[in-house]
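The chains carry the letters A, B, C and D, assigned in the order they are written, with residues numbered from 1 in each.
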Amino acid sequence: MANIENFATPSSAMGALKRPVVTKGWREWVFTVDHKKLGIMYMATAMFFFVVGGLEAVLIRLQLALPNGKILNADLYNQMFTMHATTMVFLFVMPMAAGFANYFIPLQIGARDVAFPRINAFGFWALLFGGLFINLSWFLGGAADGGWFMYAPNSGPIFSPSHGVDFWALGLQIAGIASLTGAINLIVTILNMRAPGMKLMRMPIFTWMILVVQFLLAFAVPVITVALFLLSFQRNFGATFFDVAAGADPLLWQHLFWIFGHPEVYILILPSFGIISEVLPVFSRKPLFGYPFVVFSGAAIGFVGWGVWAHHMFASGLGPVSVAVFSISTMAIAVPTGVKIVNWTLTLWGGKLWFTTAMKFAIGLIVLFTIGGLSGVTHSVAPSDTQQTDTYYIVAHFHYVLFGGAVLGLFSGFYYWWPKMFGKMLNEKLGTWNFWFMVIGMNLTFGPMHILGLQGQPRRMYQWTENRAGEGFFNLAFWNLIASIGSLVLVVGVFLFLVNIFITARSGKVAPLDPWGARSLEWMTSNPPKEHNFDSIPTVHHLDEFFHRKYAEDANGQMQQIATAEEVLKQLEDNADAHIHMPSPSYWPIVIAFGLPVTCLGVIYSIPLAIFGGLIILMGAFGWALEPSTAPDTDFDPPSSSNTSKDVVHVG
Amino acid sequence: MFTPGSKYLIAITGLSAVSFALYMLLVHPSAIGAVALIGLLAATSLLTGITLFTRDGHASEGQTSAAALDTPTPSMWPLVGAAGFALLLVGTITTPIVFIFGIVAMLAALVEWTVQAWSERSSADVAYNAQIRQRILNPIEYPILAAVGIAVIIFSFSRVMLAINKDAGAIIFIAAAAAISLVGVLISVRPQLKKSIVGTIAVVAALGLVGAGIAGMGVGMREELVVAAQEDHYAHKECGAEKSEHFDKGVSETISATSGADATIELIDGKLTAHAQGIEGLQDSITVRRSNPINIIFRNKDAGEFRLSAYLGKTKVADGVSEDLITCTQLLPQGAEQWLTFTIAKPSVSGEPYTLSIPGLAGQSVEVVVP
Amino acid sequence: MNHIKNASDAASRVNMLTRVIGRLKPVILGTAGTMFLASCATNAPQDTWQPKGPNAQKIDSLQKPVFAVAGIIGLIVAAAVTYSIIKFRDRGQPIPKQSHGNPALEITLTIIPALILAVVGVFTFRTVFDLNKTSDTQMIINVTGQQWWWEYDYPANNEYGITQPIITSGQLVIPVGTKVMLRETSRDVIHSYWIPALNGKRDAVPGRITINRIEADEPGIYAGQCTEFCGLSHANMRMEAVALSKEDFAKWVANQLKPYAAPAEGTLAKEGETVFLNQCTRCHQVNGLTRADGTPVIAAPDENVWSGAVPNLSHLMSRNTFAGAMFDLLTPECRNDVWKSDSASFGAKYLAGVSEPCLNQTDLRGWLRNAPAKKPMYANPAQLAATGGKYRGMPNLGLSESDIEKLVAYLLTLK
Amino acid sequence: MWFTLDNLATAHDTHEGAAHSSTGLSNVKLGMWLFLGTECLLFGGLISTYMLYRGRVGTGPRPSQVFDIPFTSVSSFVLLMSSLTMVLAVSAAHKRDDRSTNLWLVITALLGATFVGGQVYEFTAFYNEGMGFSTSLFSSSFFVLTGFHGVHVTVGIIMLLALRGMLKNNKVPGSRAETVEMIGLYWHFVDIVWIIIFTLIYLIPA
């Protein structure tokens, strides 16, 4: 063996079968298990689907701008509103919130990663493939056309003969798996991996809200999983679950869907509540008013949210007792929601307000969400709801809640956390334009829908007719046109945000270490954070730990700065841990996630393909199980034992 | 860095991507075609990826591998491959199952052989080569071996159960489970037991099970199941006044969720009454919708067993010959209730009304009006 | 379903735009004052805030105060936020005291909304049970939804002179001041029956019977629309409830029970009857219609249409709409005449039915020429694989123009 | 089905040991309990569907016409026994007795396979008696519910056998005892679900 050097070294012979430990270029992203990279990928994916869903919405509004619209035909219109809702709910708001949670939960609780990093990576890829899978249906005979609620029996093989609903049901199943794994992962992370001293009641409010959301997800997703299985078995394997001729009860689907669907509403909104509960105190220079009340009201919303699902079914003939009970429970959930609004307002009260773009979005949320919440109260009154449900009034209501609430909250989060994630400041001036275009656009679009609904225009109509439009101030023609114009203003607003990202990426201002005077742990590290987040895990003594390391009360009871952010960071770095153990990247998450859409495609078109997909998943699962979480030395090139420990680099 | 092999695969991947795009855009796409092309695309890109990653023999280009100079380790895969080929040939002239087994065996041999050969060439270190082999193949071997093992047990076992008598089945079942447990206890309390003995027990048990399974397959299903499959006797409604052997077996007496009922029909003191949902009082006729499944609840409040029978007009069985269309509930004891669902496609015509009645109880009927 | 874009189409679009812009005028000129005035002006026919019967009235008197309370609370929040924004903006004041809240204030501000909601809850509770009361029902109508039209059948009811069941579609006719119970169900997917002026909506769920009650105070036409998404032509599934005085209702019933009158021999209508027998009776029933040999015609929609039923066309011209109330049988002028008449003259105008000069020839002929082009339906054989070739909606029958001429003449006799 | 395999994967997918956890439970254990919580809702949904539809037989056989209670009682007992052998495997793993751990894992898997074999027999018999998957609401919901459970058992068996192989080849990363315990937890859960299903489906309507 004289010339052994000429032969393949072990590592190169392993080729693809080596752990992807040395990550460069695209591999750095595709095989990563780093929660921060995954968070960014979640957000990019969500942003992509936001644009897709937004374009669908614009087409819908253009179709309805004038009577007897001809831009879309009935079939395409039905697909459009189905996919608009599906995309926005499952592929934009949920993944965007998941992205924020992924990125910031470990940072906020002082952890170096999530509890199960590979499952985290798997969750992201499953979501991405699920989303693409659903949208694949556009090219394979038409998308789902039954509405995002997909009521049986209209979703059955007779009434929706294209494969759209199959793609929808299976794609959501994949996305559901992603949500479920993500939920378990984040719950374990939050409960188990907090920094020393961080008691539950010292956790940042965003972490709290995400915890509530993940519990909601963990228990809501299995219910929709059952519903989707029933639907898929009926459509693909001839089961009879929603076949009325066989004696089926169509309300079964509605109950299953809404037992999931109502908690889902809180799943969408609570992350944004968490975000603005971080933003408002920072820019008011005082702690969140009534922190325990906000925490408990969030938890209360989580609990009561399980007992209100039938308010989506007031018109379905449930019987007076159920209707009355669900009506009352729905009113009850308005109380904890109101508590939050009160607390936010009182957080502003007596503060020292700094109107950054993030703050503007947060204040916008308070006002617009309140409108949505109050219109919600009007249809918690069941008899009143029978006049309003399935009209544009409801469309107005939930867009005020979801756009005015969830989306504005997410945008607030973008502006607030952008310097943390990318080390550069988003342009504040453009941000202000962005804010006003979005707020005005959203009020122009969804405000008139209150009128349209109360004037009796039902939802999901591909055309409206002048015969039923009326005259006078409240005529449908005028307000439909205004709503359509408003949607274009909204498009400009979102476009400005994309421009802002672009400009910032090209030539943005480098962010200072602590641009906002922030209060929580995620700011106690560099911008962007190092791969291992913290050089040494801080010990937590307060809610708003970072603030209390920077400020203290002097003898007169005045808050005085005692340390700069740089000094706080320096202190952590000086005590850096010598060896930090980080998990290695892995191929298996993406392999398993890839097996899911292959299996689902097989379920629709040919069973052998499904078996093939199943084998990919099985192989991936075992490959995963046999793989240690940290790569052995032989996986390194050259083989080495020092790679798993990071050298701690001092910054600042 | 690109070897001829990877170039070839890159080209074929590109080609399949282009053909997929063209197919989707230009040709009116059929679903199967799209899946086929996507499948091609996925397969070729996977292969391309693997070749690029493994650098496709790049390492040994122009060189002889050190390991190749050593004698290769003994391998059973050529034998398995040959056996698979033999099975394949036998299968072509006998049954397709054997043919499929042959293909599976050949495929398995091919994969194992290839990986083994490749791993043995990767370095001079035999232990390291084995590790490579394991890393590639263990994720496949473990689940597949486990799945095959389970499938053999389940299949053989269920064939035996299907072949033998119902009561004997339960006894055999518990006996088998007891045997498994006992063997477990035996082995666990006798740690000095030789491995070869344990292995022999396992092999004998497995062979016995497979043999019994094949025997069970040969015997076929037990008599009553064969008869049941031929006659479909639970679905065959016998609507007379007297008890039917199969249809009236296992009467179900309670119902859940009554909200779908058009009407409730009750038999009280020999009188048949109707109560349509939402309408106050009792009626002697009910109006139902055309071509809509009608759900009726029948409740027997009379002493004795009765069934409700619905006369739904006539159906033509051949030219000039027609037959009464009748459906009915089971014979219900006092206090029991049951659903009756039917659909009437044609409106009522005078002279031959649709009716609900009790077989064996003359003079009591409820008219069903279809406007 | 593809609409051919031609000059007239474009012209009508321009027209539409001018009309819409015309409507903008009062708005552009208007101020807050017009809002109050406008609430008395002619709103959309499906306005949910203009109850015309006791059921809708109960809902209205419950919801208006709720709207008011919600509005006031909204204003308070907006005012508090605005005040904070102005008052507490950063003017260089020192960092405020890090107070973590005020539990007493919190609890107060939790209890107040809870109390308000409790009061609303009590009234809601009462109204829910009130609206669900059925014991005083005076008349029952079975309502059946189907893609994409509604069928109404009136079971025999001697009190109202309904000696045998009446079946109709498109317009629900009820006597005023009568508590009518609708027993709703569906033949295919879920629909929802909604006449805003008379009551809230109630879903028509296949396999279930749901109960809804309506009662109209005044004679007139009340518009409504299917509000549960029911597939392709959901937007075109409309309904109209017609309230007639008790006397007029009796006349309407008598007309519906009138036996079939065959058109006179030798007329165009008689030829139309032959076309109808050949083409239409495969699905459409006309009660009393007989073949040449005197056998009654029983249509077999169950053999041709997936949901198993199509509108019964007996006394078609006593109705004002067709094709699931998507189109009017009356010309726009005649329609306006009926819709805008006062409650005293309404009954007579409605009962006059559709006469030849008032017939909306354009839509009716267009429909007979090619129905799926006028209303999206599953009538293309390529779409019918899932239903085994059965239609979901009316197919294009390929009638010749002369057949259409004859059919129109015949249909006009179905009064 | 996938989730259950995931447990195996999670068994060592943690880089922060139990020593550091804020709750004192290891990440894997906490995650497993949460997973089983979600499984409860999954089976809850399926059981509710079955309860709603069990009386809706259309023209197919009724539950009481086809069920063979003595046989199913026996097979339920076998599954219950496998829980006992699983307990033995877990306790052996804690005692670091590899031989016994391997033995009891295999015995558990064999008992599980016997149960699934019984289920396949039962399904075949039902099919022959006229109760196909599409026959009625009752049959569809029965097959989906019990089928889901059967798939869970099968996945459990695959995990048991694979675990046995991994233990033998020394391939289990992380704590062996904990990995065996996690799979045991899953196995017990599947057994408990069966007891509920058996009671609700087979015993109550009789």
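The rule we apply is simple: a contact is a pair of C-beta atoms (placed from the backbone, for glycine too) under 8 Å apart; a residue touches a chain by one contact, two chains touch by 3 or more.
Please read all numbers here as calculations on a predicted model, not as lab measurements.
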item: Most central chain, judged by mean C-alpha position against the global CA mean; value: A
item: Far-end chain from chain D, centres as C-alpha averages; value: C
item: Geometric centre distance via CA averages, chain D-chain A, whole Å; value: 33
item: Computed distance of Cα centres, chain D from chain C, in Å; value: 52
item: Centre-of-Cα separation between chain D and chain B, whole angstrom; value: 18
item: Distance from the mean Cα position of chain C to that of chain B, given in whole angstrom; value: 46
item: Multi-chain contact residues (two or more partners), chain D; value: 52, 56, 58, 162, 166, 171
item: Multi-partner residues of chain A (at least 2 other chains); value: 244, 247-249, 317, 319, 618, 621-622, 625-626
item: Contacts with two or more other chains, residues of chain B listed in rising order; value: 138, 142-143, 257, 259-260, 293, 295, 339, 341, 343
item: In contact (per the touch rule at the top): chain pairs; value: A-B, A-C, A-D, B-C, B-D
item: Chain D to chain A touching residues, read off their complex; value: 2-3, 5-6, 8-16, 20-23, 25, 27, 30-31, 34-35, 37-39, 41-42, 44-46, 49, 52-53, 56, 58, 133-137, 139-141, 144, 162, 166, 171, 173
item: Sites on chain D touched by chain B in the complex; value: 51-52, 54-66, 68, 70-71, 74-75, 77-78, 81, 85, 88, 99-100, 103-104, 106-107, 109-111, 113-114, 116-118, 120-121, 124-125, 128-131, 154, 157-158, 161-162, 165-166, 169, 171, 205
item: Residue ranges of chain A in contact with chain C within the complex; value: 66-68, 70, 73-75, 78, 145-147, 151, 153-154, 157-161, 244, 247-251, 284-287, 289-293, 315-317, 319-320, 323-324, 327-328, 331-332, 334-335, 338-339, 341-343, 345-346, 348-355, 363, 366-367, 370-371, 374-375, 377-378, 381-391, 453-464, 466-478, 481, 543-544, 547, 551, 553, 557-559
item: Residues on chain C engaged by chain B in the complex (per definition of touch); value: 134-135, 137, 140, 142, 144, 151, 153, 155-156, 165-167, 181, 183, 185, 187, 206-209, 211, 285, 296, 298, 300-302, 307-309
item: Interface residues, chain A side, partner chain D - complex; value: 111-113, 115-119, 177, 180-181, 183-185, 187-188, 191-194, 198, 218-219, 221-223, 225-227, 229-230, 233, 237-241, 243, 246-249, 252, 256, 581-583, 592, 596, 617-618, 621-622, 624-630
